[in-house]
Amino acid sequence: MKRNLLPVIGLVVGLGLIFASMAADGSLLRYFDGPSLIITFVGSLSAIMISFPLSTLKKVPALLKMLMFAPDENRWGLIETLTHLAKKSRTEGILALENEIKDLDNPVLIHGLEMVVDGTDIDTIEEILNVELEQTEDRHSVGQQVFIKWGEYAPAFGMIGTLIGLIAMLGDLQDPALIGSGMATALLTTFYGSLLANIVFLPIAKNLEIQTANEMKTNEMIVEGVLALQRGDNPRVIEQKLQSFLSQTDKKRKKEEQKSVEVAQEF
Amino acid sequence: MKRNLLPVIGLVVGLGLIFASMAADGSLLRYFDGPSLIITFVGSLSAIMISFPLSTLKKVPALLKMLMFAPDENRWGLIETLTHLAKKSRTEGILALENEIKDLDNPVLIHGLEMVVDGTDIDTIEEILNVELEQTEDRHSVGQQVFIKWGEYAPAFGMIGTLIGLIAMLGDLQDPALIGSGMATALLTTFYGSLLANIVFLPIAKNLEIQTANEMKTNEMIVEGVLALQRGDNPRVIEQKLQSFLSQTDKKRKKEEQKSVEVAQEF
Amino acid sequence: MKRNLLPVIGLVVGLGLIFASMAADGSLLRYFDGPSLIITFVGSLSAIMISFPLSTLKKVPALLKMLMFAPDENRWGLIETLTHLAKKSRTEGILALENEIKDLDNPVLIHGLEMVVDGTDIDTIEEILNVELEQTEDRHSVGQQVFIKWGEYAPAFGMIGTLIGLIAMLGDLQDPALIGSGMATALLTTFYGSLLANIVFLPIAKNLEIQTANEMKTNEMIVEGVLALQRGDNPRVIEQKLQSFLSQTDKKRKKEEQKSVEVAQEF
Amino acid sequence: MKRNLLPVIGLVVGLGLIFASMAADGSLLRYFDGPSLIITFVGSLSAIMISFPLSTLKKVPALLKMLMFAPDENRWGLIETLTHLAKKSRTEGILALENEIKDLDNPVLIHGLEMVVDGTDIDTIEEILNVELEQTEDRHSVGQQVFIKWGEYAPAFGMIGTLIGLIAMLGDLQDPALIGSGMATALLTTFYGSLLANIVFLPIAKNLEIQTANEMKTNEMIVEGVLALQRGDNPRVIEQKLQSFLSQTDKKRKKEEQKSVEVAQEF
Amino acid sequence: MKRNLLPVIGLVVGLGLIFASMAADGSLLRYFDGPSLIITFVGSLSAIMISFPLSTLKKVPALLKMLMFAPDENRWGLIETLTHLAKKSRTEGILALENEIKDLDNPVLIHGLEMVVDGTDIDTIEEILNVELEQTEDRHSVGQQVFIKWGEYAPAFGMIGTLIGLIAMLGDLQDPALIGSGMATALLTTFYGSLLANIVFLPIAKNLEIQTANEMKTNEMIVEGVLALQRGDNPRVIEQKLQSFLSQTDKKRKKEEQKSVEVAQEF
């Protein structure tokens, strides 16, 4: 689960730096202003509420969870599972897969195998799985758009807040000594908007995009494997086909592991 | 109809915040200037009038209505309807569908079934329905573009207004005491343009885009269902295919509902 | 021809507003400066001359004419014409179409029918008409790009003009009283560039894009109709297929018209 | 060759205007500063050197030549040539084309005909010509990207230069009289970057894009023609197909020319 | 290996120019500020850590190595190798290729030939190689995105740093003499962000993109060649097909080399 700590570390390092930089320039307090924070954060949130239906916004917490506890994409294990299932269905018949399904936890794989066991014809399985993957991708993509849009609205509302502050200050220049602090306060919303966009919303959107792409790639492997299994392909060919989804580095690492296992077994 | 209140809530919260923020900095009145509002709103509207034909602009009120009263996309109900129709046409023949059509209200479904009952061949039905969906999508997309463009023109006209104000002020610096208030007035149009774009036009455009995508997905389900019905597919296969359009969450919730119904029926 | 007045109305309203706003701030004359206008308009035009070949630029006047006198896209009339031709060719043979061609004015329809009468085979007709439509679309698209690019270059040259003015002013600050008017003059080119882009070039580009999309849709209908006619399809099926290109609103309005005609005929 | 002068005229007019505008504001000399020019031009060039391999940069001079001496795209002549070759190969056999090849100068046409004469089968010819066209397009596209990127880096390095100047000036405000001239010098790099991008790099990139699109269209015609010739299509059909690549205006002009030739021949 | 020095030369020239320009304006020291550099570089790096999984970030060093030691893409040698293999497999049978594989070093070519020798059927080979190429492209593309995003975050964090500095300065205007140096320090982060983006991150991203495109093109040639070899195509046709991937210049240069070799052989 090491990898999922990275976003948290990034956030802590980034905000820590910003705070240290603010403290170095004097009192930290001058950078905090409740109303400015509200106009930037809640203002941009209100634009998000107009932009997306409630059903989409409800998915945001689940997406944030995905950011912290990404499913472990063990593609080697997946290849082994599918090759094992292919061998079993060749020797014991397709119905033998029924018992194996219980031990699996990937919902796409389970659904695919259930249809294979049910005897659904191959074109229907392909169509159904592809529509399902497309739907999953669409839903994730809408989720990312929430963060992309928020990353656009936050600086915009930051600028709106700064304009309000500037207009107030410029319309009332009686005490020139206050110009500086008026400007400083006006700039706070621009600062908040820029910070929220570049250390929270846009990086989260990118992270979800990359995770979705990885998940889709794994799902493609599953569809490929389930269809090959249904066609009764040779398990070795299935393994070979699925391995083409791995990178050279993955393959090399695997070979070395296998060698060391073999060496260990000799003793 | 809960979901359709969200845009209104968003708008009220967003504008409320902005007004509160303006009031906090002093008199609200200093932020209102009729001519500045006109140059930003009507000026950008004039650019919209040059950009789009009247036939497109006439659709804007209908689109705004869609924002408030989105059609209830009950995909479960749709799957049940289509499965029911498939069973009926299998047992009582395709002509039996004619009576059912009267009870439906989705125009795409009605048109599709009418063609099935008329005995139109399947390729023609597919072609006609697909052209219709494409046309609908095109029309909605042009409607969104009105708001996207308005969201671009509004800040541009805001800046044009500010330039006019700045040039006037700079060309006549005789009384330095007026510089501040001149600048403040000049900035008002930029403020209006930015506000209109980010809390009205761009969020509306995004909302319409998401709604259109949802509607298109539902229409795809209908076409899939009507064609399967015409081919005389097995109702169970039709149901399975259509369910691949639903999310896992939808399916789980449905299963639980069905269970509780079954439990309830036992008593 | 009502619709084609819209761009003119938009331009008059937009510019009227801008002028009114300028006049409200004082003398209109301070906003006019020949050299500033030349550097923005002719400067960006020179960038256009480097960007596009003469053959493309020669098409600009024709495109502007299209803006004012858009061809009347009567799709209902087109459907009636094509259905009428289909009936005629079914009853009197394909050669009977020859006399009808003279009464038509749409060049794509004429060319398509000529090939049908000549006995060209259907694949060749489809290929030729599709290449023709693609070529038309390409040419229109290059025309739009002239205006899109002009809409990018105009503000850029506006900024270049402002930079020249600023550098001149800053390099010669002997009389501080002139700073204001120097700045004002420098900002004029930015103002002109922004105005030209947002009320002339970009709206025209959008207008041409929408018109081209409409024309292409009509041309698609024609190709569909001509091919169906050549295949000898049933006129009713042709009518049905072509009607799928119309919006629900168009269809309803048409039905009501037909009813009122029928009612009128009864008397 | 008239058309190829246009880019030069554009450049002369554009730069002439800029110079005139600078001279009008006082001494031209104040706008020239060697180091500022070097940091903008060579600085952005260094970013180009990191971005592109040497093999791509070596093609830039050839692309610039293309800007000045574009190949004369005589599509009517091409149609006549291909129709003539089709007739000849029908009457005298395909080998008769061998003598004709020597008189041609378009390399794609020559290569295509050579393969036809060699008896290469039609699928191989199509594949080879298409890969060749794709490669040509890719290479031109990379060339355009050099100019697009340069058009992005130039203003960026202009801004970097201005920041260096501003930091120097602000860090050393002892003599306020120098603030103006310091600012003026700092702005020079922004001015150079904006000018280079908008009158040199971006227009050149667009010009190459349009020229490539035209060349590709001509090449498509050639491939269409060569394949039709290999299939032994009717010369009249070949002519008709190729004419669909021409615009209505081209066709009308041609017809008028032919008429005047016929009229002339009558005498 | 000449070409790979270009990025280094570009970087040295670019940074050298910037340093020279800074030195010309006074003391170089005023441009260096540790905390400002840290907030721009590490701050943007923290956003990168949130955006990408660790597995992607681990590939960055390998990508940077690719920047310096790009694989030598000798396409002529590749064509010769493939033609040679085709001849050998025609005369001595496909199994004769086994000995040749040892001398090769391109992993795609080796894998392809291994499958040919193993007797894998052609569709499976094509599918496996295509999935492999797609995976390689995806991985490279994600690597480029790290640099593209860094090129976006760096200026954003530069601006955030400048805002922090400005707010500090404006909130504490007691000694006007410090305004200048406060502004100068505040601008440093914007300067660093702009410099990092435009001379490091964005050029690297572009370089990787171009290199990936070249590598993909070479891989396409290999797939084409391996499949032709498996089909037992005529070696001359294979050579001809593969040559269509070369540019005219490459071909001409080659022909001249061959001629000079022939001339040399005559003596």
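Chains here go by letter, A, B, C, D and E, matching the order in which they are written, and residues are numbered from 1 within each.
We adopt the following convention: a residue touches a chain if its C-beta (ideal position, glycine included) is under 8 Å from a C-beta of that chain, and two chains touch if they have at least 3 such contacts.
Chains and their UniProt names: A, B, C, D, E = Motility protein A.
Predicted model, so just to flag it, every value in this text is computed and none were measured.
The minimal number of chain-to-chain contact steps leading from subunit B (Motility protein A) to subunit D (Motility protein A) is 2. Contacts with subunit A (Motility protein A) and subunit D (Motility protein A) are shared by E. Within the contact network of the assembly, the step distance from subunit D (Motility protein A) to subunit E (Motility protein A) comes to 1.
Chain copies subunit B (Motility protein A) and subunit E (Motility protein A) are related through a rotation whose angle, from the C-alpha fit, is 145° to the nearest 5. Subunit C (Motility protein A) and subunit E (Motility protein A) have centres, each the mean of its CA atoms, that are 42 Å apart. Note: centroid distance subunit B (Motility protein A) to subunit C (Motility protein A), computed from Cα atoms, is 26 Å. Shown for subunit B (Motility protein A) are the residues in touch with two or more other chains, of which there are none.
Considering their complex, residues 35, 38-39, 42-43, 45-57, 107, 120, 124, 127-129, 131-132, 135-136, 138-139, 142, 145, 149, 153, 156-157, 159-161, 163-168, 170-173 of subunit C (Motility protein A) touch subunit D (Motility protein A). Residues 2-3, 6-7, 9-11, 13-14, 17-18, 20-22, 24-26, 30-31, 70, 177, 180-181, 183-184, 187-188, 190-191, 194-195, 197-199, 202-204, 206-207, 210-211, 213-214, 217, 237, 240-241, 244-248 of subunit D (Motility protein A) touch subunit C (Motility protein A) in their complex.
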